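Okay, so here's the structure we're looking at.
Chain naming follows the written order as A, B, C, D and E, and within any one chain the residues start at number 1.
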């Protein structure tokens, strides 16, 4: 597999009249096609900033990013982005929510819509298509958000703490779902989390950011023996504890 | 040690004009003085309801509760309650926040205030006493909330998901703090969480609620070998995994 | 000088005038020439901004004396059970409004109103009733021969006319003169001249609260002002009242006073004649606004006016 | 016993029945208190004016007001006046709201424009619009249009500010989401900003009803041949205060009804 | 070059400097646009009236307004009028706000009372208060008190509703917290409800300033011997529209200043 995402010397600064905040400093890493990268780090170390830049929401001032060899700007529509807050539109039914991305990109054909509804089935929510978001629980809403993003068939999937507001049962259920989707579709995926167990359970690699400004501290490879088992079982795996403690030491409070 | 908290056949119903929701059904358990009980269960199974009743916020319609042999109503001031949302008063400094309970109970003597400020030191926040809450991080704010409740020297400490909004480092740091305070003050404590690992790391016993209406499913004893080690290490303990899996099976999604 | 000795204590009267106008020149003359002071009266002047509010002020005991159109008292007496209101002196005896044409017309005849639009005063007020009365007197049927706009607040009439509404407008001074001076129209007739004498603007008080001696002194002060106005030129009057109208130029003031003086709008004495009163009732009846006929004696009190006139004549 | 059963209708358990009974009894007592208060206010007014404690000529009385209304109904003009004012208010407040929304949209579309206009909007907002009446008469003529303009003038700026404000407080997560899908500014508006603010717009409507009534009444004070504001002015002119009070009462009732209608719509919208 | 440095003052890096420059240049251009607009409006008005496109007799003109002001200043009554109205407005709006807070507190203290009064508040809220003027004159007299009453009548109900509403939306976590400490209802109010709602109260003040101005101006239309509302009425009576326009301009300026003063206080409170 070839390098798909390439981040080089990326520095990001936030400005206001009074001061400058350096959120990321000289971050470089690359990602193979179809791989699953998890980014962890303490609060405020720039995880969300990095993901937002990759999602094309902020301009790049220093450094550069290429996707499949092209500049980031030219690939905007090939990137899917899932937020911690599900951001389901309260005034639309679940079905209408799922096809939002298709409408925006002007590709709401019958076929594409059908694909979106199939995804809804796949996340186990085909039966609530005509409900409104407020009628769903937190876990269900987050599954809808995932289906909505997948509906536009992104080549790169970005997830910013998608499960952090869920309780442990829901969280593991969704982790399992995400992992199986990833295995099946082989979509390049970057997930941000502050849950170290989640990172180990899902990632091919775990990237640790640290400090203010956020710098790349370490990239940890997850052994193949763990990669292919479901998230719940990973947590009981013999290697798990030592991986967790390695990560724990790297992440600063 | 003697029985301190006694809950018998407690049923709680919420009413509105259209319908009745039974939140808890015939819950009975007792708690020894100085022990640490953790309550877990899926979302909506009545954990917060149970804690609110113990905190005297809802009247008891069916069943009864005694604290140290007395009726609950007569012990209101001996109960301390910490919420998931820290609820620090935004317009008061940290010091003023910490002495809020003392003011309400009319015991804001110099000595008691000093005790409150000592607690603030103890949770490691003596240096930010003159700051306002918005200047503190989530973990710091929750520590202030804990100190505020401890300041009125409650005999029974109730905590409703106090750490669920924190990231993993902060969470474990605060768990460690709480565990050490419990060990030192030997205060009877009830903690609600949906984090099963936290339950095992902190509790002497773990009470599992399940279903709608919430019923008592199981009370699990935590082995002594785990009880006395810090929360981070508990997670690596040999017994941990099987305890976790036992709990996992009991909690319904 | 005053018959009641100077040693008497000065009494204060709250006087609410329906509006502040050159039409009421004699009372400002009395004020500025000290006629009130001579009578040991101090006046607290309040601008009532309209007949309704002025009348209300009297009814609610916020005023001792009000200067208002006589019809206001008639309405109140006719509609309430009480007959407490009485008019005891008159200040002006004709309507004070003028017919202003958009373009100069010489000579003007009322015939020329036919087929045109007249921007009139509001329904229910004396000026509007007088206007319709005068039209009928001149063989014009209101609302039929001439289109009448009667829906505009009196404060905005001149603006509306200048902005292009109507061929004719019925205006008070100093608006009429101002419009003429600016070349937006020409005064072609006077409603005051046409209608004949009426008890137009009068001083009203409550019978139940009146202090005969004080009212008499008040009437005397007004009478003195009226007599002074009668015997002096428009220019002299204008100089005396200029301080009450700082926004109006001297020439304008002279012109307006002169116009009112010439058509005898300023009453020469304070007595409200029965004949004039009956004419007013007729006008109101024709306008369909008279709820009920009020006998002269019930509403009008000429005792002070006559006594004062008598005494001043003797001096 | 019959009544007991009604009070407990829909109960799902004996506990629930007890709750429902208490709840419904309390509701009942609230209604009784409301009606008693109403009765006391109106009855007291009538009584005081009959006994002569207050002057019925100045303060009117319920029966005299009813008599006045009867009189107008007999003359066949009662509903004409009401309809006139009601129509003006409706047009004025729909117009003000619509224009406010359009203005807010324009300002939202151009951040530069919004910054430039900001101080002007503050000034226009603080200016007591009731003082502008004469200017409308001069520019728009002495009729219907001026009255509507008054109602619009009073509502438009506050609507613009409220709605522009609500445009700006739309959950930023929504914006990140649609921008990540590559939406342009127009799509942003059509798919997110506008629908997300519909509840706020309805809330603005609620405020605007009251303001539109003020505008129309003030407008009718200045220029009118018919309508409730006209009746008030005319009533004062000829000292018929029963007419004034009657008009005020009708205005109060109509304004309340319109307000409640919008509150009802608002309630419905919350429940989709 | 001097200017460059000022534009980049406080920069913490070359990137920040670039940002600051852009930001400040944009700010500058906003100000330039604002002033240009102001100049165009005033200049255009003056120009159009000098050229005779609009009638200065009806619409006045900036120079004529200034002349009018100068005239009043020379007579020494300019500031008397302004002070009068300013005073009335201040008293009216502080009074309305204070009474509104007190009323909201009373209603909050008794849930039963609040339910009973609810429909009455809705009616009072929808009633156009400007129509009540004459009633104040009858009961309170033709003076200062009536004007203040008008301002208070316009502000009090909306204040009560807004503040009562904000009392009810105080974060329930705060309430659980202090109740778990065993607080009584008075402590609840003193320690939580009241301080938590101070920002909302200040926001209510912001709305009230505008309303108080309306109330005072309308009040002065009804009864007054001095003040800006009086000048407007008087200006119409003597057909001196420059006086009217001048008064309107002063009202706009004063109302804006008061609004900004409260916005400033609001801003300060947000930053504790």
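In this section, a residue touches a chain if its C-beta (ideal position, glycine included) is under 8 Å from a C-beta of that chain, and two chains touch if they have at least 3 such contacts.
This is a predicted model, so every value here is computed, not measured.
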item	value
Smallest number of contact steps required from chain B to reach chain C	2
Required minimum of steps from chain A to chain E, each step between chains that touch	1
Given chain A and chain B, the chains that contact each of them	D, E
Separation of mean Cα positions, chain D and chain C [Å, integer]	41
Centre distance in Å when chain D and chain E are each reduced to the mean of their C-alpha atoms	21
Separation of chain B from chain D, taking each centre as the mean of its C-alpha atoms, in whole Å	49
Contacts with 2+ other chains: residues of chain E	58, 134, 138, 236
Residue numbers of chain C (touch at least two other chains)	52-53, 56, 59-60, 155-156, 159, 162-163
Chains touching one another, given as label pairs in label order	A-B, A-D, A-E, B-D, B-E, C-D, C-E, D-E
Residues of chain E defined as touching chain D within the complex	26, 29-30, 33-34, 37, 58-59, 112, 115-116, 119-120, 122-123, 125-132, 134, 138, 209-210, 213-214, 217-218, 229, 232, 236, 244, 247-248, 251-253, 255-256, 258-260
Residues of chain E that touch chain C when the two form their complex	55, 57-58, 75, 134, 137-139, 141-143, 221-225, 230, 233-234, 236-241, 243
Contacting residues of chain E [partner chain A, same complex]	10-13, 15-16, 19-20, 23
Residues of chain D defined as touching chain A within the complex	171, 173-174, 176-183, 187, 191-192, 195-196, 198, 272
Sites on chain A touched by chain D in the complex	52, 55-57, 76-77, 79-81, 83, 85, 87, 89-91, 100-101, 103-105, 132, 152
